[in-house]
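Sharing a structure here in structure tokens format.
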Amino acid sequence: MAPQKLKIACAGLGRMGARHALNLLSRTPRAELVATFTPDAKEVDWARRELEPSGVTIYTNYDEMLKHPGLQAVLIATVTTAHAEEAIKAINADKHVLCEKPLSTSVEVSQSVVDAANRKPHLKVMCGFSRRFDASYRDAHDRMEAGSIGRPSVFRSQTCDRLDKTGFFVAYAEFSGGIFVDCNIHDIDLALWFLGQDSVVKSVAAAGVCAVQPELRRHADVDNGVGVVEFWGGKLAYFYSSRMMAAGQHDMTEIVGTEGKLVVNGNPTGSLVEMHEPTGVRREIPHDYWGRFQDAFVTEANEFTAACLDGTKLPLKLSGAVQAVQIGRALQESLNSGQKIYFDETGRRIEQARL
Amino acid sequence: MAPQKLKIACAGLGRMGARHALNLLSRTPRAELVATFTPDAKEVDWARRELEPSGVTIYTNYDEMLKHPGLQAVLIATVTTAHAEEAIKAINADKHVLCEKPLSTSVEVSQSVVDAANRKPHLKVMCGFSRRFDASYRDAHDRMEAGSIGRPSVFRSQTCDRLDKTGFFVAYAEFSGGIFVDCNIHDIDLALWFLGQDSVVKSVAAAGVCAVQPELRRHADVDNGVGVVEFWGGKLAYFYSSRMMAAGQHDMTEIVGTEGKLVVNGNPTGSLVEMHEPTGVRREIPHDYWGRFQDAFVTEANEFTAACLDGTKLPLKLSGAVQAVQIGRALQESLNSGQKIYFDETGRRIEQARL
Amino acid sequence: MAPQKLKIACAGLGRMGARHALNLLSRTPRAELVATFTPDAKEVDWARRELEPSGVTIYTNYDEMLKHPGLQAVLIATVTTAHAEEAIKAINADKHVLCEKPLSTSVEVSQSVVDAANRKPHLKVMCGFSRRFDASYRDAHDRMEAGSIGRPSVFRSQTCDRLDKTGFFVAYAEFSGGIFVDCNIHDIDLALWFLGQDSVVKSVAAAGVCAVQPELRRHADVDNGVGVVEFWGGKLAYFYSSRMMAAGQHDMTEIVGTEGKLVVNGNPTGSLVEMHEPTGVRREIPHDYWGRFQDAFVTEANEFTAACLDGTKLPLKLSGAVQAVQIGRALQESLNSGQKIYFDETGRRIEQARL
Amino acid sequence: MAPQKLKIACAGLGRMGARHALNLLSRTPRAELVATFTPDAKEVDWARRELEPSGVTIYTNYDEMLKHPGLQAVLIATVTTAHAEEAIKAINADKHVLCEKPLSTSVEVSQSVVDAANRKPHLKVMCGFSRRFDASYRDAHDRMEAGSIGRPSVFRSQTCDRLDKTGFFVAYAEFSGGIFVDCNIHDIDLALWFLGQDSVVKSVAAAGVCAVQPELRRHADVDNGVGVVEFWGGKLAYFYSSRMMAAGQHDMTEIVGTEGKLVVNGNPTGSLVEMHEPTGVRREIPHDYWGRFQDAFVTEANEFTAACLDGTKLPLKLSGAVQAVQIGRALQESLNSGQKIYFDETGRRIEQARL
């Protein structure tokens, strides 16, 4: 008898959703993709061609999908604005949940998902911070944990997208929560992972420019942002995000400790090929987030599946997703007000710097 | 109804065989691993634990395995000395075959597999030169085909293993065919791929040293070898193989054309992490062949499966496996005789250099 | 008849002073080191051995040195606190001046040197921002000027020293002006060079930690600092400085433009040697500032000499030295107050963010 | 009183000669360039402008130059065919000699220079193998000597020039001695330095192609050559030279030992600038030999000067220059005959491989 597989559904079949669905279908051996949901006609067509032949039922109504016979888990990859409601519905229907980041661009709404999950401790509920599943980030974290850099003290991380000349991200900015919530959320989550999930923010300050897309100001956003976050206890993180990289996606991180430094992806590379040409030596780099992190998404799907089937612990806490949104929101607020924002040792907002 | 899957068996569950079996089980969605063969008791135990629960039947007799109901294809990953006989039996039993390299260390025996395959043109029979499935090599080949380096003229390639202090490779040398047949076979195959599968050898000359394992001389082998192969028509390849790398596996290739150069894996890297330490900046590199090429093996299994199911063309010709062994053997002979070996424009061996 | 040489004196023979003196002696063909000044007995001894045999007169009184017959120029490399007074004296004595950075840690005192120089427009007076003479920075600047990255928009730069376990830099912090004035002054100067010398600061915000040397707080300083500087007109710079790098000196810069990015020294390297070892692949990096920039100091000395002899323009304006100190001081103040500091479009300090 | 300087003359003011002359003038503090010789009118003009104002006497007759009052040393940078005769004349006139490589493309003629030098043991006579003065090669050699890679066993080295589309090197090939004597001479010299100056050649075998310049066959030369040299005692070297690199000069070396490997200039780089562009990440590399090794030439001039003035030992033996030409000639002969060439343990040529 073949081992039991996790019956899972994929909600949302947009760019990321389709990728998640295919991962569940072909690269997650212990999962069985049984259902999918999308309200979008084009995506339904795609699912008819790519998923239905493998026995996946297609729903255009999320609630119907949740009632799919035997369904045990849901991967939510719809638009951000739908994440929280769908996650809570799934939890209430007793399904395990893997929700794409962020739970919501609102701290309160994000917290409501955590509250729902807390009421069902037997369920596995995870927010998909994919970089936590990346082999290189894990390697770096293991080395840090093993003491190789002494006490981590300064953390630098960036999420830099290739310039999308269609201007897609201007429209997108209306709902994204802004560059710090949309892009740097990953870096903030990593900062908490590397500096300590219990780190308490002391201050945040952000600045930014609209170098290529002035229209972003309409949505209180920028195309290049820099943020600095101080934590109580003598730790510091700083972040950069950009929408205008020429060469491709360049997400990188540096953890500076008292005895050494770890750098993750300091030199972005798309393949192992170098080209010697009349203009010099050239290499290409991944064009997008997927090109850099596709294997991490596979690991994420597999580990989530294993945790559901085996009842083992998830590698990251759901509450971390709220912390990250909280910091991202504060950075975005600081960007737009021009003010530095302060917090006391309990994480409560205060008016004045406390040194 | 789920799409049809290729019912495949894996013969041999040693180090590479076990990896192949797991790839077929978990990372080859269109294949169904239905049977396995190994005469080794420990490997049977392993298969009981790891494969049987997924419905794989375990055989200790290869011929019995071939009779497994519905079996369509066999992946052969037993010891090299068994490859050819097992491949021919499978072909005769009307099974598609994916055979680990080399078909045999003998040119004639290798050719007998090709002959058997030629009698069954409806079967897919492939020798697993894994590097042909590596994304970076493919990227380089595509670029060359697109004309980016002009006319390829000089080809350099190396297969360098990490020093195995157990001395395992001394015993192994008895049957390996020697370092040029065992290691550089990959580089030779790549040379044919990049310089033209129809390239005709003009001369071969090899030299080598036993730097760490003098006992290799017993098996007419060395632990470091350099070989030069001239092709008719003005193309040149040179190869290096070593068993004593300190840092890990370093397989790399350089294709020099009249207008540019492509380098594959000039800078070996294990992950995207760099460590800044008191002794400088350090990175680790893959420890073995698997660490470098594991994804290529997955691609290989998937493409072989697709070719069997869909009747499409395999990405490499079986006859190339004979060419590569032929060149590898000549290099090994040159190493041991100290003589340069010459061939005429038809590939026939001659006594004197012809310029 | 040999061409005329510039008769120059070197004031200060400490670590940097001695290097400057030797550069003037041996690597600045058009300069003739005729005199030197140091009040320090050990340095006098060193000068007797190393400089006197080449005809250099040693003075222990700065004013006496200025009267050396035929003296045309002075290179000032004494302690920072003496720079301004000595520079002004030299200017008043009608000597060209090359003064080590900073002119002073005080904005007003720095300005007084500029004022003195302005009264003697026939003299060449330069503050030695050595990185402006580094071949790689110049290469990057030329590329930017040629339009290769579009409009420069975000500037990142760091000055990171190797950890000096003697704790020297704690005592040093008493007079250094703090990490932003001492280290990041270089990065600030580069920011002005790359973003435009006429850039007007809109805000500065800084944060820092004492990760290895808590005693630095006595001098209102830190061992790791991060600063963000907004300029009016939509440009942004951010800086990092550290006293605790394990591997060595790592000063690097990144200029992000609307169409590309330039990185200077992203991968620090001490030589062209890479070591493959059982622990991986390793390279060493320069241990200190001198190891990275020694050639830049030679270029600086030669170009200053040429400007004095030929009456040509210096490659950087003296007033820039005041701008840089001004920004460095504001960052240091922000670090210590925890407050963000704002400026209006004319550069005047204001109380509130103006958006 | 200023310290005594070495009165030196520079013979030859072609591309390299002019560089040597300027180095002696401006970057060799202990040398005084007093005279120069060139029969070429254009070079005389250049010397009038660039050297005469600094007090350098210009000669159009080599013998006259040798009689320049007080002359102590000569740097010979004329055409290769003149090297030996001029060197012997200078030695006989009791001058120290720094001669550009090679002494001659003939073994016998090279030896005659060594013989002349041996008759005047008080003179410093050196053949300028510039790479021996390169900081990175020295760093690698020091590390090897310190035992960091165990016993050096396999040596790989290449000299690869940027494609010169004017075809200059075709005419040049008439007198160059061929690619192995002209280019790989450096690599051969390095092999002797790293594997032991007393290494005895056991066999040489070479092959090559004319990929871009078929006319080179007229001069029995190629534009890409590969050579393998076995040494008695279990050491192996292999070489590559090319005239058709697209990106620039790429000279590199790899020393493989029983416990590690050293790589010199595996990743050629022209400056510390990396460019992120829409086509990826790019760096430029040196266009020519000078771009890579100009500092080594300065070191060479300074160390030669010091040895002459102080009577200290030169860093390399003159006889090594004969060994290197001998090996280069044998490789070139093997290239053209298509035959492997054998030597016995005493270095005497033999007909058959001896194992």
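Couple of notes before you dig in:
Labels A, B, C and D are assigned to the chains in the order they are written; within every chain, residues are numbered from 1.
To be clear about the criterion, a contact is a pair of C-beta atoms (placed from the backbone, for glycine too) under 8 Å apart; a residue touches a chain by one contact, two chains touch by 3 or more.
In this text the structure is predicted, and so the values were computed from the model without any measurement.
Between chain C and chain D, the least number of touch steps comes to 1.
Chain pair C-D has a twin interface among B-D, A-B or A-C; that twin, with over half of the contact pairs alike by residue number, is A-B. The chain with its Cα centre farthest from the Cα centre of chain C is B.
Inter-chain spacing, taken between the CA centroids of chain A and chain B, is 39 Å. Centre-to-centre separation of chain B and chain C, using mean CA positions: 57 Å. Contacts with at least two other chains are made by residues 245-247, 259-261, 266-267, 276-278 of chain B.
Interface residues of chain D, counted against chain A in their complex, comprise 245-248, 250, 267-268, 270, 276-285.
The part of chain B that touches chain A in the complex is made up of residues 1-3, 25-27, 29, 53-55, 135-136, 139-140, 143, 148, 259-266, 271-278. Within the complex, the chain A residues that touch chain C are 149, 151, 153-154, 156, 203, 205, 207-212, 224, 226, 228, 230, 234-236, 238, 240, 242, 244-247, 256, 258-261, 266-267, 337-340, 342, 353-355.
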